[in-house]
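What follows is a group of structures, each given as structure tokens.
Both of the next two complexes hold chain A, though its partner changes from chain B to chain C.
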Partner chain A sequence: MNAPFYSFGLFGDQASLVVAFIIGIGFGFFLERAGFGVSPNLAAQFYLRDMRVLKVMFTAIITAMTGLYLLSRIGFVDLSQVYLVPTFLVPQIVGGLLLGIGFVIGGYCPGTSCVSAATGRVDGIVYVAGMFAGVMVYAEAYPHMLGFVHMTSMGQITLARLWDLPYGLLVFAVVLMALGAFVVAEWTEKKFGGMEPDPKGWLSVRPWRVTPVRVLVLGLLAAGFVALAAGSPYRGNHVTIDTKDLALRAGTGADTIQPTDIADWIVQDRNDYTLVDLRAAKDFDAYHIPGAQNLPMTSLSANSLARNQKIVLYSSDSTQAAKALFLLETQGFKSVYLLNGGIQGWHDTVLFPVKSPGMDAAAFEKLALVAKYFGGAPRETSASTSAALAAPMAPTPAPTVAAPVMPAAPAGGIPAAQHKKKREGC
Partner chain B sequence: MNSSDHSPKPYWNPYLSGFGLGLVLLSAFVIMGRGLGASGAFTSVTATVMHAIAPAHATNNALYANYLGDGTQSPLLDWLVFEVLGVLVGGFLSAALANRLKFAVEKGPRISSGSRLIFAFVGGVIMMIGALFALGCTSGQALTGGALLNAGSWVFMMCVFGGGYAAAYFFRKLWL
Partner chain C sequence: MMPLTELTVSRHNPLVDPSLHIWGWQIAVYLFLGGLVAGLMIIAGVRLIAIRPSQREALVCCTIGPIVGLTGLSLGMFTLFLDLSHKLHVWRLYTTFQITSPMSWGSWILLLVYPALVANGLAHLPEAIPALARRFPVIVTWSDFILAREWLVVAIGLSNMLVGIALGIYTGILLGTFGARPLWNSAILGPLFLLSGLSIAAATLHGILIIHTPDDERPTFADFLLSSLTKLIEAHPLDPKVGPVLAGADNSFLTIEAALLILFLIGNTTSTSVHQQAASLLLGGPYTAIFWVFVIGMGIVIPLILQSLELANRIRHTLAPSIFVILGGLALRFVLVYAGQQSHWLEALNR
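Right, the complex of A and B next:
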């Protein structure tokens, strides 16, 4: 079996909406069962009177986390196909704080407000209206704060990768932390909530009594122990390669990305792709496309790259890049692309674009701006092309790309000093 | 079970509700390769409405444009939009089965219904702005990302509790 079912093409987009609706029903059902459709139940969390928000949330997190871990470990689910929201540290800190404040003021979060509204609570309905207003406020401000919302971008990263710790160890640690938090929560409720201890509570009944919650707690703890011992969930994945699809992509050029597109993405500070430089470290150190990471062929694997992210490969050798693409596809990577022309393509179309005969002035002006942004310079004619092209074709291409051969007299060229300074920033 | 008894039934044990919620989240991972969410649906709906009222304004706005896509398909045909529709139905069903459907304003004992509604609206605005900055809310970030050991989600979750506890004192009159 291959899961996630959707990622492996077991059903299409239409059916996924039906799945969404059914999963939503389950989500809403359990939120309501927990008492989350009523604001005072939720707000009580912040006054330590009733810790059900923490209990429900952490039980759900460790249930799904250990379950997903175990299913991945036995090779049923390919964990690298599960979508991770990219991390933008500062915007997420600010967003989290705002959410916490909004939670206390409004008494709901987006999911629970839907349940509240659906069960007739007027405050829930008004809260939902507030959320629509919030989108409108944010949307108007959005174009002016693009720099902020994209700052401190760290890509799609788990705590395991961030701290370079075994995934299973972190699963175990989170289970222990959650169980510790439950004990503290029971204590806080007694102390601040003035609640009579629940005679059937998992900490209150006599030690040898078996209750459903105790079974659950022990089960989760056991799953945590298994995770601690069982190692990486990324192992044991089976991949089937669609060779026809692979051939089709290569044949139609659907697996290549133009250097000018990459340039646009870098300028826009986009974060939804990984740029991989396959050349030797010394070439990479001499010059590389801004934002690229250096990964030689031997270290191309799921350990260094996320399978669910768009990966763009480039090298000075197009055969090598194509081999790397195939290598990644055999490892189950779904969206790997080649930079058209490799580093040479970048050099010729982004750093030193040539004005083609039919090109209008405005289009060339844009190319020129982009070229200057990356420390290159546009060329009015292709007269000097041969010189610029010939040099990087030399046996040691890196230094030439590092210090690109400037056309003898670039029309309106930028001073050499500025040229150099900008490139260092890359 | 006494069918003539129409008083609200007690809520489920929080740990068992959490377990159920965790299984729903796990099935989303296994079936779809993604977690749960909520706030994104509101952005899709707002983008659609704005596009209907002021098409030029919506397509020129970078945020709405992201959600409107290339125009070949309605942004309402979206996974999160359908999931949230399900949440409405699921919440309604659960409350109906437990006699908890009620047309009322839920509030603390010391504020009027009018004030409560004003604060609910303001809270919704702040919450949504926060969710847009963070690329998700308690569902999409804290729950989903928490279970995936997502670095940003854990930072986010700590900040939600931090922000909530820091603000709680100043808004105690709303709830205590």
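Right, the complex of A and C next:
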């Protein structure tokens, strides 16, 4: 059994929400036991009198980080399947400031307010009610502030990827930082809070005495050292490919996606896939499928693609696309697909569809609408246009007939190509 | 920017396809309020009979309960009225009685609820809200008239219990008699909604008691608002001794409700393929998460744990379990009303 369980299909959407509820109850229970359901305890953090928030949070961070790191190194967790919240720098800074203001006014953060409400404190209950009201206002206002929300997109980045550092080094550095923070926290509590250091605390007892907390600290340090030596937790270059599976998928066509499906996804404005154009930049500029990203074979690298999305590859040469698929699979990508027929397939089945003898009128009507939407035109017989790959005509100015598959096509153009794809949080 | 021209090709016009979703939030809210009123009536009736003249201060069940009940019932009737297509024809329900129609039963039961609740509330009203009694001295006359006659007190208490039980069961049977909706078509819904109503009512009264009890951890503005309100109506302090009794009763109601829910699911999953499919809406289908999280988790399990800890004097009595029980009861009605309308006979044929 491999983790993350949800990504590997151990349970579905509904069951995952029930699991989330149980995990949330556990999280809330420990927050409550740490004293986070009482706002004076949280406020004391800002006066440097009682640093328990910092201690608990750093403990949680390093426990989760070293745990995830080690579990992924031994192959239990596939880190590439763990969802990372995409970074939108400016909106997230503004959001962080708003959250901070709310924290100062209300005395809680969202999580601790739930804990406080569950312990029956009236201020917590009022805070939670206010939070839900805020969520509703935001949801209603969201369509009107898309431009701001999607500003300064940086994708799903991690510090290691941003600074090009080894993951292990970062793990080690954060462990050191956390241990340093604990020492500083003890000092500030003594200095500002007037707390006497615990005579049995890990900093106070005789240097060579072994206490449980010291064992924990040493364990964390050891985990940090292991991380330093062990390298990247992503399975990078060490993947093994199941040749049987590869052959099966190639043989049954399970690794190809039909051009008409891609057309539907574009029309539906879906955002769970990345379309990659492998041709040279010159050809890409001449024509490409709306929403595609140009990554010529020579510049294809693992860092430029999100690991938790479907990746659909196409080129003018299907051998080249197949090579790219193999290359990405050796780099640990799980769901890479080929566009059936490449750009020529797109041209023949989506832009200039042909009415085949057995096809009923309604189905062809739909194909024709989709073709017009992308700036192509349906053909009655395959002989009527040249097989040469020509750039299609200018897209129809305004689709006046909206088929059920494309409810809201904006006037004059191809939506997916124009505005940025939505990438929502989980 | 050019205006968007959109032309509907087919089947987007309303009512071209038969709409299978008839009942919306109004019905769910009505069933919730109906259950609450039923529970309040039963508790008020029991309390009215059990009360001794010396403990006249224990009025949260006997006076505040009926007042909340009357308000809730009026709101519930209003949401029911909102749901009616032919609003002006509502009087016709009272020109006939159809013994096989749950709706006919319901409309007559609802008519009995008002006098029963008013009589119960009147019995101890002068002691609970003296200001009101001074303004309208006739209230004291009525109250004295009732309290002077032992048989009348017993009759009012019994009628509250009986009408309350009828109302609570009716809110479930209203759904249970729908043969066309396999998920609803279970007689367990009657006792299930009755017990859920009782738990909501006990939680509501417990919550009112807690709000009313002074608490040093509460923000000052809340205490200020509450004390001004109390001064305004010159209410007597409610009896905090009833609190643990209500919490204990609520725990029993919740336990029985959980057992009935399990029986309800067992009944459906061991029945025909149609009923199995209906139950699968809550066991893996689209209503799974909301059912198990909001109805079972937050509505039953967590309040049970919290109230047990309260009764064991491990934690203070707080508003939290009351709010959880009330929201859980509301969620139960919403899930059953919406999921029920998604269950039907044809889907099993299509499999």
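List of remarks:
By definition in this document, the second predicted complex is superposed on the first by the 235 of 426 C-alpha atoms of A that agree within 3 Å, B and C clash if a C-alpha of one lies under 4 Å from a C-alpha of the other, contacts with A are read in each partner's own complex, and residues count from 1 in each chain.
Here is the rule we go by: a residue touches a chain if its C-beta (ideal position, glycine included) is under 8 Å from a C-beta of that chain, and two chains touch if they have at least 3 such contacts.
In this text, all values refer to a predicted model and were calculated from it rather than measured experimentally.
Within the superposed three-chain model, A:L17 lies in touch with chain B and with chain C [touch as defined at top]. In the superposed model, A:A117 makes contact with both chain B and chain C. Touch counts on chain A: comparing chain C and chain B, the chain ahead is B. Contact with neither chain B nor chain C is seen for A:L339 once the two complexes are overlaid on the shared chain. Once chain A of one complex is fitted onto chain A of the other, the partner contacts of A:V370 are absent, as it touches neither chain B nor chain C. Counting contacts as defined above, chain A residues 17-18, 21, 25, 117-123 meet chain B in one complex and chain C in the other. Residue ranges of chain B in contact with chain A, taken from their complex: 11-36, 38-39, 42-43, 45-47, 50, 61-64, 77, 79-95, 98, 100-108, 113, 116-117, 119-168, 171-172, 174-176. On chain C, the positions that touch chain A within their shared complex are 1-7, 9, 12, 217-219, 222, 284-286, 288-289, 292-293, 297, 302, 306, 315-316, 318-321, 323.
The touching residues of chain A, when paired with chain C in their complex, are 12-15, 17-18, 21, 25, 117-123, 125, 398, 400-404, 408-412.
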